[in-house]
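Next up: some structures, all given as structure tokens.
Note that subunit A is present in both complexes that follow, paired respectively with subunit B and with subunit C.
What follows is the complex of A and B.
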């Protein structure tokens, strides 16, 4: 019994830490630190998945969640950040101001988003029990912050990271509210993600080649 | 019996599907020339047999089966999407109209399509043609609104493709664009109506109970349906697509579009407003009646100004839809006030006119196609003297013209007579303002009839009589026998229904009774084929058969009297109207422009005619050539649609770069704001 309580405390802490990591991400100024923060966030998610996996292994004998944890480790902690680093090295030769609003305002907006998701979710039936509610609020806030991050950053890599953070948010929302999705769904999500990163990596490279910059503001010139 | 009817109907649908499949095969594996025509013959034969079966099934359904027949019921795993088709009396009546028309048009097409031979893929044409018919059958038999919507859209799309079939002409593609835009806006309104109804009844079925819908919502849905179906029907001021689309389409397709496709809108109004929503307010009927009067008078007025045969006929469709709507409006008024007998009478009149219009307007478009086939022009001013080269076509067009002008003994007279009767019957002591409207409607209907007759005197007189006005008209050859046969069947039906109207009224009586109108058949007096009139207005009765016999007798008598009084004839043969000049040519004839000029002057306020005279020569008293041209302003296009279109264009141009900035951050911001709003909505809903 006490074991379970420790587990949920750990999960609670991790959920808050994941939220905190997205705040950190929003406060980052340089592209290489985005990638680092993303790596940390993914690591926290992998930890949460690992804890859930251990619990389900002990109580029900299911091992698939541990495999998911491993996959997150490989994909989101190692492969994707490395790949993004490589893309970044290929294209980065200018350091310029990357964000549209300044950092303090963005962080304040993030705080507002957390309050907003608390406000909107508190009215939904069936998730208002206290434990689940806070975890869910944290996870949904991560989605919002990811979207805001995409809006606030000019460079294509910022958009990729923002998208990945949205994906992280969705993933932990699902994970925390279902306590483990079917394995096949998890696999599907990962394959989607992998494809996205591959395509975006290539695209960024090509955009850079074409426009001498990965500043997405320049896409304006494409309008007819 | 029910089973037989069902099987008969399904067999007919199956034959149409086979026809479509066959034409698809011809389309994909075509060889030019020979196979095209054989294939076309085959497909049309399929359609002829199928429409024969379908018509028989429809008649059998109305006469022998009381309850609606379930034809097809395929439910799918996706919620709400299930193919349900029912055949009740109302559907069966419209299917009958469709089948009769398809039967003769398909016979006609065998000959008519030969002018496409080698130039176009006839397989493609036949594929679209059969799919169009199938879609219309689907519209008429759908048992839920989802099915109805899908078939309705399919019908619009297939007819669009048929309108732009000769796409190399720029005016055809433009006509198609006007048509597709109008029809899509209308369909969108219908969809909104269906969804509103669903939100209250929680069912898409057409026999769902609509009691749960509050009155104000019913009013909104009625307006949506009226605009939606009104656009398809071509009610003024939503008619603008009609005079563009009908001339652009090949003639056999115009016959179908004008003959039956615009009638599906009448079906929709009866089905959705009368049967489904239930008449709630008297003003529903009044609005329909006023629209009907407007369409009838303005439709025929614009028709008079047209010199393109098919545009002229298209405006006559507007007029006839107006007459149908007058009947429908009266019946809605009567039903709203629980006068079931008057309502039944008016609905019978409206549906009978629908059927009659299918016959004679279908026939007229076939006739216009025959003229175009023979003389290669649609302009009346270039025709003339065709009665000598194509006597049978001339005879049939004359029959249709008499029918559409509501002249005894043709069918148009019967339904207009019933419409008059229903208008008179609707004059009741308790309606104060309504009586005024009814009297006005009677006057308008009378005006419409007279103007229509004038218009068809012009059409027939200028194109068939006199001397040919152009080279092409002089070289015109008679059309293939199948084309004549197709028109002949329709002409025979026009005359048959005119002489023996009770056969049709007996069928209609069951239809009207099934949708809640009072049965009027029992109250008709005068035996099977002679007189018919409702008992309630006992002074009014007329019998076309007796009328025509009396007319014949009078003429015969007059001839005899003349013979007796005047003695022997002296016969001389020389050029009529010649007066010894002996060099009459076609340029000395009355022209269509000249014929319609007096009416143009009388209705100057409406037409706003513009005329231009260019005199060339050393002085205006000694001209070498005079160019005279006159045009009529079309009020609705110039003062309603044109400003609307320009405003929309201006607005779009101005906002284009404000909303569509091209910046990825803006687009993301839109998504962000929308999701925020949705979350808030979810919180408070």
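What follows is the complex of A and C.
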């Protein structure tokens, strides 16, 4: 019993740390620190999946969650950040101001988003008060913060990271609320993600080739 | 009787350990630069040397310049008396809580700022305006992070809070306390003039904050100001280690042996924190002045997330 309590406490702490890492991401200024923070966030998610996997292995003998943990490690902690780093090196441009509002305001907005998701979730009928715990609120807040991150950054790589954070948020929401999805769903999500990142990497490269910049504001020049 | 013993132990521990912590952080920095560095006890010798010297006071300065070192030192000591180093010896009632600690320290800081303006040197004005900005940004997050802990223990008094924390088990793995702890870490770095905010080792006019304010002081006045700063640093570190790494529940027995053991563990925790602070200082760069609001916003957010997690949990099992 006490072992279980410590376990769930650890998962709660991890969910707070994942939320915190998205705040840190919002406070970052440079593209390589976005990538670094994304790597840390994915590592925390892999850790949470690992703890859940161990628990389901102990109680039900399911091992597929540990495979998911391994997949997250390979895909989100190693492969995608490395690929983004490579793209970033290819599109060398001057480092300039990348965000539309200043950082304290953005971070305070994130704070508002957490409060917002708390109140929206407590208004949903299907969720009973027992399920509405902080893990759910934290994971939904990560989705909102990812959205805000995506619209607050001008450069393409920042927007890709924003999308990946939204995906991370969705993933942990599913993970924390179901305590382990079917394996086939997980695989589907990962393959989707991989395709997205591959396509976006190529796209960013092409945008840079055509316009000498990956500032997406300049795409407006295409309008006649 | 009990409160006299408490006061004596509190004063002795804080006064004796404070300069040592400073020396330890300097030693870590020196070792990281492949220097041998000064001895960890260097600050004691410095203070002794400064106390023997006569202060030189500019003749256009007013009484504020003379009283400030005493006020700064006295406020630091008063704050030190309110933050217990060990819960094994507690008087039945300590008047004052953490709001009092924050406001006492603010009083000392206020006098330091106007004393820096008093001699009308250009550096003094610069230093005190920067200090005013930093403290205005950091103080909300101190209060909010401490209020979180106070909400959990249903009391604002620090001894009460430290008693409650003993029951948590491992606060560093607890979702609320870890937020408070990270916020306090940023607060410690900002309040004690450490590197991301201010560089204690420099006298370069563009970067100094605390050094700019005490530039005009010499002799025993300077000794008091530096000692006061060291005591203030140890007060914040005590707050951090005693809330985040409580140890007294491990000692099953009471009495003198338990007290000595808990003081030894306290000392070990402070040394570990000092080493960690030294390592952080080595690995970070000083922020430019206008990036400090970002750091302050982050520490405010950490404290705020702590409150929020507490509210979402509804006060259950915390």
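The working rule: the second predicted complex is superposed on the first by the 218 of 224 C-alpha atoms of A that agree within 3 Å, B and C clash if a C-alpha of one lies under 4 Å from a C-alpha of the other, contacts with A are read in each partner's own complex, and residues count from 1 in each chain.
Quick note on the criterion: a residue touches a chain if its C-beta (ideal position, glycine included) is under 8 Å from a C-beta of that chain, and two chains touch if they have at least 3 such contacts.
Source: prediction; values computed, not measured.
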item: When subunit B and subunit C are modelled together on subunit A, clash or fit; value: fit
item: First (subunit B), second (subunit C), both or neither touched by A:119; value: first
item: Touching partner for A:63 - first (subunit B), second (subunit C), both, neither; value: neither
item: Comparison of subunit B and subunit C by subunit A residues contacted; value: C
item: Which of subunit B and subunit C A:100 touches, first, second, both or neither; value: first
item: Partner chain in contact with A:27 - subunit B first, subunit C second, else both or neither; value: second
item: Which of subunit B and subunit C A:110 touches, first, second, both or neither; value: second
item: C-alpha centroid angle, subunit C to subunit B via subunit A, nearest 10°; value: 140
item: Partner chain in contact with A:79 - subunit B first, subunit C second, else both or neither; value: neither
item: Touched partner set for A:17, first subunit B, second subunit C, both or neither; value: second
item: Touched partner set for A:9, first subunit B, second subunit C, both or neither; value: second
item: After superposition on chain A, the shortest CA separation from subunit B to subunit C (Å); value: 17
item: Those residues of subunit A which subunit B touches in one complex and subunit C touches in the other; value: none
item: Contact footprint of subunit B on subunit A as seen in their complex; value: 100, 116-117, 119-120, 123-124, 147-148, 150-151, 154, 159, 216-217, 219-223
item: Residues on subunit A engaged by subunit C in the complex (per definition of touch); value: 5-6, 9-10, 12-13, 15-17, 19-20, 23-24, 27, 103-104, 107-108, 110-111, 114-115, 118, 133-134, 137
item: Subunit A partner contacts - residues on subunit B that touch it in the complex; value: 657, 660-665, 668-669, 671-672, 675-676, 679-680, 682-684
item: Complex interface listing, subunit C residues touching subunit A; value: 169, 173-175, 178-179, 182, 293-294, 296-298, 301-302, 304-305, 308-309, 312-313, 317
